[in-house]
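Across the two complexes that follow, subunit A remains constant while its partner is subunit B and subsequently subunit C.
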Partner chain A sequence: MKKRKVGIPRALLYYYYFPFWLKLFSELNLEPVISDSTSRDLLNKGVKKSLSEICVPIKVMIGHVLNLDQKDVDYIFMPRFRSLKKDVVLCPKFLGLPDMIRHSLPGLKTEVIADQIDSKSDDIAQFSNHQKLAETFSITKREMKSALKKATDFWQRYRDLLFKGYLIDDFAGIEELEILEKVITKFENDPKPPQSRDQNLEAPVNEEVVDIAVIGYVYNIFDQYINMDIINKLKEMGVRVHSFSMVAEETIEKELSNLRKPMFWEFTNKLYGAAEHYLKNDGIDGVIHLTAFGCGPDSMLGQILEVDAKEYEKTFMTLRIDEQTGESHIITRIEAFIDLMRLKKENN
Partner chain B sequence: MRLSFPYMGPTIVYAKLFELLGHDVVMPPKPDKEIIDLGVKYSPEFACFPFKVITGIYLKLMDKNLDALVTSGGHGPCRAGYYGEVHKKILQDLGHEVEIIVIDSPHDDYKYFYEVIKRLKGDSSWLQVGRVIKIVYELTKALDEIEKKIEILRAYNDKGTINKLWMQAQEDFYQIKNTAEIKEIKNKYLNKLIKFEDSIPVEAERYKIGIIGEIYVVMEESINNQIEEKVNRFGFEVERSQYLTNWIRENAFPFLDRDLEKIEKKGEEFIEIGIGGHAQGNIGHAINFKEEGFDGIIHLKPFGCLPELVSQSVMDDLSEKYEIPVLTISIDEQTADANVLTRVEAFLDMIREKNYREVM
Partner chain C sequence: MNNLYLGVDIGSVSINIVAIDEENELVFKLYTRNSGNPIELVKEGLAKLREEIELENYKISGVGVTGSGRQLIAYVLGADTVKNEITAHARASTYYHPEAGTIFEIGGQDSKLIIVEDGIAVDFAMNTVCAAGTGSFLDHQAERLGVPIEEFGGLALEADRDVRIAGRCTVFAESDMISKQQYGFTKPEIINGLSEALVRNYMNNLVRNRVLEGEYIFQGGVAANIGIKAAFEEEIGAEVIVPEHHDVMGAIGIAMLAKRDVKRSGQESSFRGFDLTEQEFETTSFECEDCANNCEVIKVIADSKVIAVTGDRCGKWTASLIGDSAANANVEGSSEKEEKTAAKSSKKQDEDLNKNSEELEANLYKVDLEKEKQVMKELEELEKSDENKKEDNSLV
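Right, the complex of A and B next:
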């Protein structure tokens, strides 16, 4: 029998969970089809179909859904992420995403599978989070549970590598499970440390290497189109790039416990915890807050980080991206930022 | 304690609450151009508009020698629940030493809630506190009852006369000391309004507009460009989805409010789960307004409002399915009065025209 095709939009939490989904669909004998990488054309289509004042990541998401609709897939898989921790939810737009898609894209041909994800941790492998998926393809509870177990074990290996200092960027372009498996195995056995931990790293033209923490959501910092490939640009300039996904959960929890009241949004809390950790860390020369136009939670987080950065005397910059950001703008800003840090280092 | 609070809707209610508890209350200034500019200057660029307005109000209050600012919290995921924490940071950073007391739900942190309530109650006994809450609740109900009348009568009578009565009523209510006086004043003004009721035409000739949206821009007329008056001016009646009574019932006595819950549940048809703010409830109210024979919906939201953007996304579909015209207006510091007026006028013209054609 021909494998049925399930489309996965390459947007939002795709970057965080794609190894889990690739493994899961392979175990369930389904063929995952991933939408094309974000491009001018794809983004324009998304922009056209969304409200003008909604945040860029949602516009990107709508572009990817429309892209999948053109790809002749049987279903589009787009879970409704509600919670990944007790009493903490995600941004309202995540909570209402399937509703927005259903009611604002009346021309969509493909059916959307929108399971609601309610989990106590980042591990989303509970059967209750995949009930609709199981129903759609008549998968028994036992089959589903066994596939979920394998998927989560595989995802855990990916997570461990992220904690070890690899960037999501090192994996994100891969669409084939076999290749991903090979890459993960290779990294696991690699004696050479990842770029962010490499003490022997050499900067071009004998400049000093600097350490920068890029604070931002996975769908902003690892979508190479929307952020003009900032990660690689930084690397080329001799920067060790750090991101929130490298910070241990316990560290984030500890930083969060210093707040009287944590924020309401899961990933914003993660960013806060990681950012505070980096602001206090002497090994980090500067922090970039990479945020997207119209991001509500970031408007609150950004204000807090700005004040705290002043307190810790850490070089800090907010970089805002939207559907019109120009490449030269980004380059100028990060070049100036890096120069500033190198100057600071020399003066010390 | 010498304290103040953000300005929203009928401020005399909050003033009365703290005054009766024995605090020295400083009335917050009504938002105007100066306050908004001040707020915009010291708030994050992408913070929602109510946040910026409240920043402005707080900064304006800084020379009043306050002990504390009291505000409500919440458990999100609407940003409003986190305003207090970020305002603390901003005021601190600007070197102002004033405490911000955030009233959070007891479910979130019981101990903190208890501490806050104990401080706010001051020297009053719990019995007195109960009495005060009853007075304030009755006051809110009375205010809302009169305001609902005003929103209808202003469509058919001289705007100035009606507005003056409404202002007087609020001033009189500010003097009350017990529930008997509330009743007395309420009846006085309801009587005064009776003579205007003759002007209401027969049911078939009445036009009604429901206003839904984010609570702050819906309730605060100095922020929403007096949208209700504007609608009234063209001979349309208005009703809102948000009144302070609802808010108090929802937050203080959630078990009391089954009717409201039923209306808000209707929103599940378009937004399946609660997503914060009043998004789902607003959709429910929109459907309810249609069922009650309203002719159109005006949907107000601050620019970039997280939950209301989701409700705006489903609004076209709702409008089509329920055959009710919807006008969405985003409000922020750039909103111009003439722009709002033009859009409202065009919208209302369209409704009259549509109705006229259907009758022909």
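Right, the complex of A and C next:
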């Protein structure tokens, strides 16, 4: 029998969970189809069909769903992430995402599978989170559970590499499970450290290497189109790039417990914990908060970080991205930011 | 033969060219309005430089370009250093004013705040998407009120009464000004209100909760406006210094940076020479249709020879200039660069670990019946507690 095709939008938490989904679908004998990388055309289509005041990551998501709708897939897989921790939810836009898609795209041909994800941790491999998927393809509970187990084990290997200092960017372009497996195995056995830990990194002529933590949601910092490829721009300028996904869960928890009242949103809390860790860390020269224009949760996070950066005397900058951001303004800002840190180092 | 370093600042409203010598003394200074053709203006500027100084005594040893239009002009000139205007401004003002603590810089298109400690810039802020409170807005309003921009600031000081004008947004500011005019406020009062609004806006958007310390330096094209300077002094309650060369500080700074870079690398300047004033430059653009990004690719042509290509996100057109063979290799990988490298690395590792990986895989996914059973049991238990959890959650 021909494998049925399930489309996965390359947007939002795709960057966090894609190894899990690739493995899961392969175990279930389904063919995952990933939407194209974000491009001008894809974003324009998304913007046209979105509410005008919604944030750009959601507009990107809508663009990706439209892209999949034209790819002749049997279903579109887009879970409703509700919670990954007790008493903490995700941003309301995640909670309402499937409804928003239904409302914004009444002409969508492809059926959407929208399981609700309610988990106690980042591990989302519970059967209850995949009931609709199982029903749609008449998968038995037993089969599903065994596939989920394998998927989560595979995802855990990916996560361990992230904790070791690899960037999601090092994997995110890969769509084939076989290639991903090989890359993961390779990195696991690689004696060479990842870029963020590389002490022998070479900066452009006569300049010093600096360490910068880029604090932002996975879908903002790893979507190369929407952020003007900031990660690679930083790398080219001789920067070791750090991100929240490298910080151990315990460290994040510990930092969070210092907050009198944690925020309501899962990934905002994660960013907070990681950012605090980096602000206190002497090995980090500066922190960039990369945020999408109009992001509600970040309006709180950004303020807290601004105040704390001053307290820890860490060089700090907020970069805002939106649908139409000229590349030159991003370059001007990151260049000036890096210059600040290099001057500081030179004078010490 | 003395060394001379050129600094060029291509702003949205003005184009500035300076030349400094080994001791950072200003040998040449030119401030021109950007009428829209930066290449021609730079050529004219260089021609003027050639007329004014005796070139036999000097050698151009370094060229730096800054400002929002820096990229294109850097290709035209063959610049050694291309850097953002924040670093350039900070460099120049900390040189002239080592005691500086706060630098206000307001240019044509954007405004900046630079915080300095012990002669080093430690923090900066730049206006976001909106152009309220920048030079071009003032230009526009001066034109609307029929006041030459040079007299604009002086008029503000003649105001008798205070008028409050909304400074948050240029559209609102303009409608506010019109209605206040209709109430009978005089031009000086309106202009004074506008200056105050501009400074208020600057404080709200850029300074925010930063603590400002002296000396206070005010530079950029707008610093020529004594009305704005007065409004700043009123707002912070201290004297504000406008440097002598406030209008070309960016150009001076980038010239100093070019000098540093050339010295560090020990290489000859890549300046294309004064002959470029006689060359014909042309820029053409086309929309690349090789992927869904449809980048606008810009070509810079000097005497019918392409000297630079820019604007492509993937870099394949930029690379096409370097050499045909290199270009061919790049064209293939253009839009899916990272995928290609991933595939490449996996291929490489294929060779290294071919046997190993198969073994590894086999081991990893070997089904151990005993273990499987136990895992399933564990999962089931988790499941149960999860289901209980779900009920709880529904009440949340």
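We take it that the second predicted complex is superposed on the first by the 348 of 348 C-alpha atoms of A that agree within 3 Å, B and C clash if a C-alpha of one lies under 4 Å from a C-alpha of the other, contacts with A are read in each partner's own complex, and residues count from 1 in each chain.
Here is the rule we go by: contacts are C-beta pairs under 8 Å (C-beta built on N, C-alpha and C of every residue); 3 or more make two chains touch, one makes a residue touch a chain.
From a predicted model like this one, the values you see are computed outputs, not experimental measurements.
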Quiz prompt | Combined model on subunit A where subunit B meets subunit C, clash or fit | solution = fit
Quiz item: Touching A:Ile174, do we find subunit B (first), subunit C (second), both, or neither?
Solution: second
Quiz item: For A:Asp41, is the partner it touches subunit B (first), subunit C (second), both, or none of the two (neither)?
Solution: second
Exercise. May I ask you to decide whether A:Asn206 touches subunit B, subunit C, both, or neither, giving the answer as first, second, both or neither?
Key: second
Practice problem: Based on the superposed arrangement, let me know which partner A:Thr185 touches: subunit B (first), subunit C (second), both, or neither? | Solution: second
Self-check item: Partner chain(s) touched by A:Asn347 [first = subunit B, second = subunit C, both, neither]
Solution: second
Self-check item: subunit B or subunit C, by number of subunit A residues touched
Solution: C
Practice problem: For A:Ser146, decide between first (touching subunit B), second (touching subunit C), both and neither. | Solution: second
Quiz item: So after superposition, what is the minimum Cα distance from subunit B to subunit C, given in Å?
Solution: 5
Quiz prompt | Residues of subunit A that lie at the interface with subunit B and also at the interface with subunit C | solution = 82, 87, 307
Quiz item: Can you list the subunit A residues touching subunit C in their complex?
Solution: 36-37, 39-42, 82-83, 87, 118, 120, 126-128, 142, 145-146, 148-150, 169, 171-175, 179, 181-183, 185-186, 189, 205-206, 224-225, 229, 306-307, 315-316, 320, 322, 328-329, 331-333, 335-337, 339-340, 343-344, 347
Self-check item: Touch list for subunit A against partner subunit B, complex
Solution: 50-51, 53-54, 80, 82, 87, 89-93, 95-96, 98-100, 102-104, 106, 116, 259-261, 263-265, 293-300, 302-304, 307, 310
Self-check item: Residue ranges of subunit B in contact with subunit A within the complex
Solution: 43-48, 73, 75-79, 81-82, 85-86, 89-90, 92-93, 102, 104, 108-109, 112, 270-277, 279, 303-307, 309-310, 312-314, 316-318, 330
Practice problem: Would you tell me which residues of subunit C are touching subunit A in their complex? | Solution: 68, 71, 83-87, 118, 120-124, 126, 128-129, 209, 261, 264-265, 291-295, 313, 335-339, 341-343, 345-346, 349-350, 353, 357, 360-361, 365, 372, 375-376, 379, 382-383, 386-387, 389-390, 393, 396
